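First comes the structure, then the notes that go with it.
Letters A, B, C and D mark the chains in the order given here, with residues in each chain numbered from 1 onward.
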Amino acid sequence: MDQLNNYLFIAAILFSLGVFGVMTRRNGIAVLMGVELILNAANLNFIAFSRFGGMNLDGHIFGLIVIVLAAAEAAVALAIVINIYNNLNTINVDEASMMKE
Amino acid sequence: MEYILSWLIWLPVVGMVAIAFIPREKEDLIKQAAAVTTGVQFFLTLVLWNNFDSQDGSMQFKEWAEWIPSFNISYHLGVDGLSLPMVILTGMLFFIGVFVSWNIKKAVKGYFALFLLLNTGVMGVFLSLDFFLFYIFWEVMLLPMYFLIGMWGGPQREYAAIKFFLYTLFGSVLMLVGILGLYFSCGKTFDILELTRVAPEALGGLMWWGMSAIKVIWVLLFIGFAIKVPVFPFHTWLPLAHVEAPTAISVLLAGILLKLGVYGIIRVNYGLMPDGVYWFSYALALLGLINVIWGGLCALAQTDLKKLVAYSSVNHMGYSLIGMAAIVAAGEANGANIKAAQAGMGGAVFQMFNHGTISAMLFILVGVIYERAHHREIEGFGGLASQMPVYTGITAVAFFAGLGLPGLSGFISEAMCFIGAFPVYKTIVIASTIGILLNAAYFLWAFQRIFFGELNEKYNDLPEINRLELFTVVPLLIITLFFGIYPAPYLDIISSTMDTIIEHVVDMATYASM
Amino acid sequence: MMEHIFIHYSLFILFLPLVAFVIQIFFGKRLPREGDWVSIGAISITLVLAINMFVQMLLDYDSDFSVEASFVWLDMGAFNIRLGFLVDNITIIMLLVVALISTCTHIFSTQYLKGDIRYSRYFGYLGLFTFSMNGIVLANNLMSMYMFWELVGVSSYLLIGHWFEKDSAANASKKAFLTNRVGDIGFFIGIMLIYSAVGSFAFTDVFDGVASGVIAGTTLTLAGVGLFMGAMGKSSQFPLHIWLPDAMEGPTPVSALMHAATMVAAGVYLSVRIFPILTPDALLVVAYVGGFTAIFAASIAITQTDIKKVLAYSTVSQLGYMILAVGTGVYTAAFFHLLTHAMFKANLFYGSGSVIHSMHHALHEKHDHETDPQDMRNMGGFKDKMPITYWSMLLSTMAIAGVPLFSGFLSKDAILAGTLSFAMHHPEHFLLPLFGFGAALMTAFYMFRMMFLTFHGEPKMPELIDDIHESPKEMTGPIVLLGALSLFIWYTLPYFNPMSTHGWFTDLVVPKDAVVPGNLSANEIEEGAHHAHYLAMYISIAVATLGILLSWATYIKKAVSADQWSARSGFLYNWSLNKYYFDENYDRYIYQPTLRLADKVAWIDWELYDKYFINGFGRLTNWASKITGKFDYDVIDQLLVDGTGRISNLIGRKFKSIQTGKLQNYVLYVAAGVIILMVIQSF
Amino acid sequence: MAEILFWFIASLTVLSAAMVVLNNQLLYSAIALLFTLFGVAGLYIYLWADFIAGVQLLVYIGGINVLIIFGIMLTNRISSVRLSQTNIQQGFGGVIALWLLIIISLVISKTPWYQVTSAEPSSTVREVGTLLMTKYLLPFEAISILLLGALIGAALLSREAS
């Protein structure tokens, strides 16, 4: 528990899972959850480096900012999801593929 | 006081942002916001004047901050006796301009937003001491002007706007080349004060393609500025742009933007290339003469009142050029006649200010009659003096100021220009005195055709000039009258700076043949 | 010297009329009686002050009296301009003239312009004029003189154009201003020539500079001629004389004040002031211009039928006299003539104004708006109807004709003596006295012609004569006063010799030596004039008598028929009647060509230069861009780019299936790409 | 004891994270996410970041997770439609994710990390607060404006189309 690598590995796993979620989930909200995992992974890295890098609190600040960003992002993303749902009656992202051609 | 120059420049931007947040239906609020912004700015210029030390001929209120260090570009501002009057004039005319534009109907929000952006550009050019910054503000000015003429102008507005834009752009491209030439040959700096110190030596003897670098850069920069002045033969954008632009924009165009040319020549060409001054001064005086005569003759032939006033600008700026050429009188070769140099330079700079107030007044007055009669054909009026006595009186004073009547400010500056240039360029000055006859001829003839004679039946219910219009024109009238009677306050501001410039040009010139 | 009481007086004299002007312009219409009392009050105070100064001067009886005061008006370090006052005897006399005539004019105008729509404005402009005129008189330097010089021009412009509804008045005012400007250009060039050499505008410095020789020779001559050009414009000398007769379009009191007594005299005043720096060559120019103008204008006056035109040409001619006097060196005589002329010519104008006024009323009674009330052919026999006007005008006519016992005789005699003595010294310039005496002859003739046609003989329009009345006392008062001032006695006190100019004037206005090295000294000129004095006097009495007799014979006795004479003289009569076609020729050879040139220039500027040359650039660019555009499209675009495009299209179609539009596919590709990059990187 | 607790929390985090992305029941995923967030908060405490841990609990669990659950409720008719979802391209995605994990793990283990040992602070709240008000004032302000903008934007987006 006093090993930097432990935390980094945990973060790496969280990140990979997050990426996996983002890539595979069809439901928009589930994709969002994947994003949250990625963000948490990053945050964990920040705090870990801060802890083992001489207890420099800059990392904490970044962590805070990331959390706030995540909140903002979640709010907007959910709003978009609800909007899509209202318009298309589905929130499956692969069905909302108007980008195609 | 510390950041007053930055405030002056950026305040209009604040106003612009504020206007952007006002819904477009609330036109009165937009106008009020613009009035407050420009009013505060005008007040700040007066504060600046109050705190200005007129005994000090160098830059004051300097601000410096690093901007793009890799190219040695900085945010460098400062004001001296040359720019201070122009800054005050800018503050005043933009403030008045808001009220002149009070009756704008179309897209009020956009109009005033652009108006304030223009304000920032003009202020920036007068205050920046970094060439790069100078150039950026110079270009910032161009864009709002293009839209202001192109969207709110008269019937031919698109043509006029594009012509103005291309003309000026052509000039600024040449200017940019000149600036880069200076940058690379004078130790990679854009700082005007630094360049003023090093350029005369760094450029001395430098040859490009078998030509002296001074000549090349001088000509490049001069054309850039000359288009703004405008110097013959770069003047044809002016009548068109003036005629098509809405009244307030004509006022600003004639009142301030033309001054940028002369300002630039004195600040940059004179400061950086003293040898060039000696090389070019004869041509400068000659161009001044051509401006005077050509502008006068063209004005005499005009049937459109606004075009007449526009050509009168060409004519009046000619006096300024002649006065500027007088600086060489201070050189050893011309007998070190400091008196003449002071008179000429002082006259040129004073003429800038006077033309600013007088032509602004003339354009406002043209706007007043246009708003009532919906045309500007000189022949189409007649006998208005009995219908609109107050308007007639004010126009009479403005016209007399334009034709250089003693007691009104235009006379003093014209006389100083002539007196200054006379010892060096006798023939040119004597020839250009014909200009003052032409001046009188076209103004009086137009005055007679508009105001004298039997009242044109069509106009027997033309309303008198109203309070708002009086409010815009009377302050200018008072200034014209005041400086005509007692010019000392103005000359106090500029004289130390003029001495600095004259000394600089005389001392730094190498007098080597180029 | 600033403390001298005269400087304070001068300040009041200068600025009181200006105050009146400002009040009239802003509040005139709202004041009772449209505020004429404000102007009259202000001008009366200046008159009182001027009289006070004049009396002081007489009491002191100091011919060298002179005070000066100046202040820095404009300062740029080395270049500075000081403005100020110079008060000496000439100034004081001139101030009195201006104040006196101006006061008379103000009073006269209350009746003459009664009920005019711009009554208050008129009085305001009179104030402006008086201010500017006093400014010229008081100036101690060329710069402020020039400034007031132009201001006088403007007030003249405004007053001539008082009835601007009439096109002729509007034209006349513009013509006056522009013609004056031509002179002013010369004036200004003269100022610049002097300033660039001397470095100061003040008269004293200029005189010192010339005396020390910093400016000499041709330059000084040119400077002198330049300054004199200003005088030519203002004093309406040939060939710039054309504006003064037209200026009669203004109200008659204005003609009396400005275009007879004061404004036009400013040119003479300037010449008197700058006399010391005029070189012999310059003086010669001055003399010939003056002399020629004198006889030339007189020859026009003979045939004019408009009473004011006669007086106008007579004024031009008399001004020519004064200029001639300056040119021949007797400049104090010129100033003397200025003084006497101001009185009698103003009076003649008042008189003519009085006549016109009553003609106008009489015509009005008859509802006749066609007949010209100024045409002498419609007058005649007014003598008994308007006795006051007649008698005082007769006094002034005697004066201008040069009849002994009248003021004009003295001053004219002094001038003619100077001219004669000049011609005796320089026989090659014999023309100058001929001009002088010829003009004197004609003056006597046409002035009495005017008097006879107007007041004597049978009424030409008998139906009018019943309605002709003497004018009200506001008008007759000034007429009587100035008529009385046409007598010699006022100018020769304390002596009573009607044949000699000797008196307070000659005692107090003593000619000064010219400062130009080598010019004749004042004493020498004086001597010469003195020698010629009696000869000149006899000739002048002879020609005056001859002129009056001729006139009498023609218009009273009808012994000579004017019509026959005019028919017999052929083209000469026509030339004179049509003012030698100057207006027509100026119009044809100067105005029209200038306007055509202006049109041409504007056309070149706008239609040719701008449309073809400047816009040509635009068209050229346009054309070039079309060519490049064609090249761009046909070759680069269609062949090269589209060729590439077609290949890409082919490839693209193969890869199309990858583009699913599903976001997550893209994320997948990105992640895969990252991994591939990382793997490559690690090798 | 602490060691055991650490490993427990770590495994809880990882496992519940796997649940989040693998479970077909959306609501379960959300609940699993809650556990993951809890776990991360616990790890923060091990990293001496008490304040961040608190914020994590407050914002993530109290705010974001609840928001997500709300989102699920709002976009699915809870009574009638199954609350499940399906995955796509699981095989390919899984391979990619695995590869990512492997590479990152390699990087982590191969890199000689710069480390400093330091004493455990009693509380980080004061320092964090001070930093926020001094050195990071501008980012702090910027992020607050961003948050405000996001709030307004979200409200604007999700209201009924008029």
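The rule is simple: a contact is a pair of C-beta atoms (placed from the backbone, for glycine too) under 8 Å apart; a residue touches a chain by one contact, two chains touch by 3 or more.
Note that the structure is predicted; figures quoted are calculated from it, not measured.
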Chain at the geometric heart of the assembly (C-alpha centres): B
Chain A and chain B, separation of their C-alpha mean positions in angstrom: 59
Distance from the mean Cα position of chain D to that of chain A, given in whole angstrom: 6
Chain centre separation in whole Å, for chain C relative to chain B (CA means): 34
Whole-Å gap separating chain C and chain D, where each centre is the average of the chain's CA atoms: 95
Contacts with 2+ other chains: residues of chain C: 662, 664, 668, 671
For chain D, residues that touch 2 or more chains besides their own: 88-89, 93, 96-97, 100
Contacts with two or more other chains, residues of chain A listed in rising order: 19, 23-25, 94
Contacting chain pairs - touch in the sense defined above: A-C, A-D, B-C, C-D
Chain B to chain C touching residues, read off their complex: 166-167, 233, 236, 239-240, 294, 297-298, 300-302, 338-340, 342-343, 346, 383, 385-386, 393, 400, 405-407, 411-412, 415-416, 418-420, 422-423, 429-430, 433-434, 436-437, 440-441, 444-445, 448, 451-455, 486-488, 491-492, 494-495, 498-499
Residue ranges of chain C in contact with chain A within the complex: 659-664, 667-668, 671
Touch list for chain D against partner chain C, complex: 88-89, 92-93, 96-97, 99-100, 103
Residues of chain A defined as touching chain D within the complex: 1, 4-10, 12-21, 23-27, 29-30, 32-34, 36-37, 40, 43-44, 47-48, 50-55, 57-58, 60-61, 63-65, 67-76, 78-83, 85-87, 91-92, 94
Chain B-facing residues of chain C, complex: 25, 72-79, 117, 143, 146-151, 154, 157, 161, 164-165, 167, 169-171, 173-174, 177-178, 181-182, 184-185, 188-189, 191-193, 195-196, 199, 594-595, 597-599, 601-603, 605-606, 609-610, 614, 618
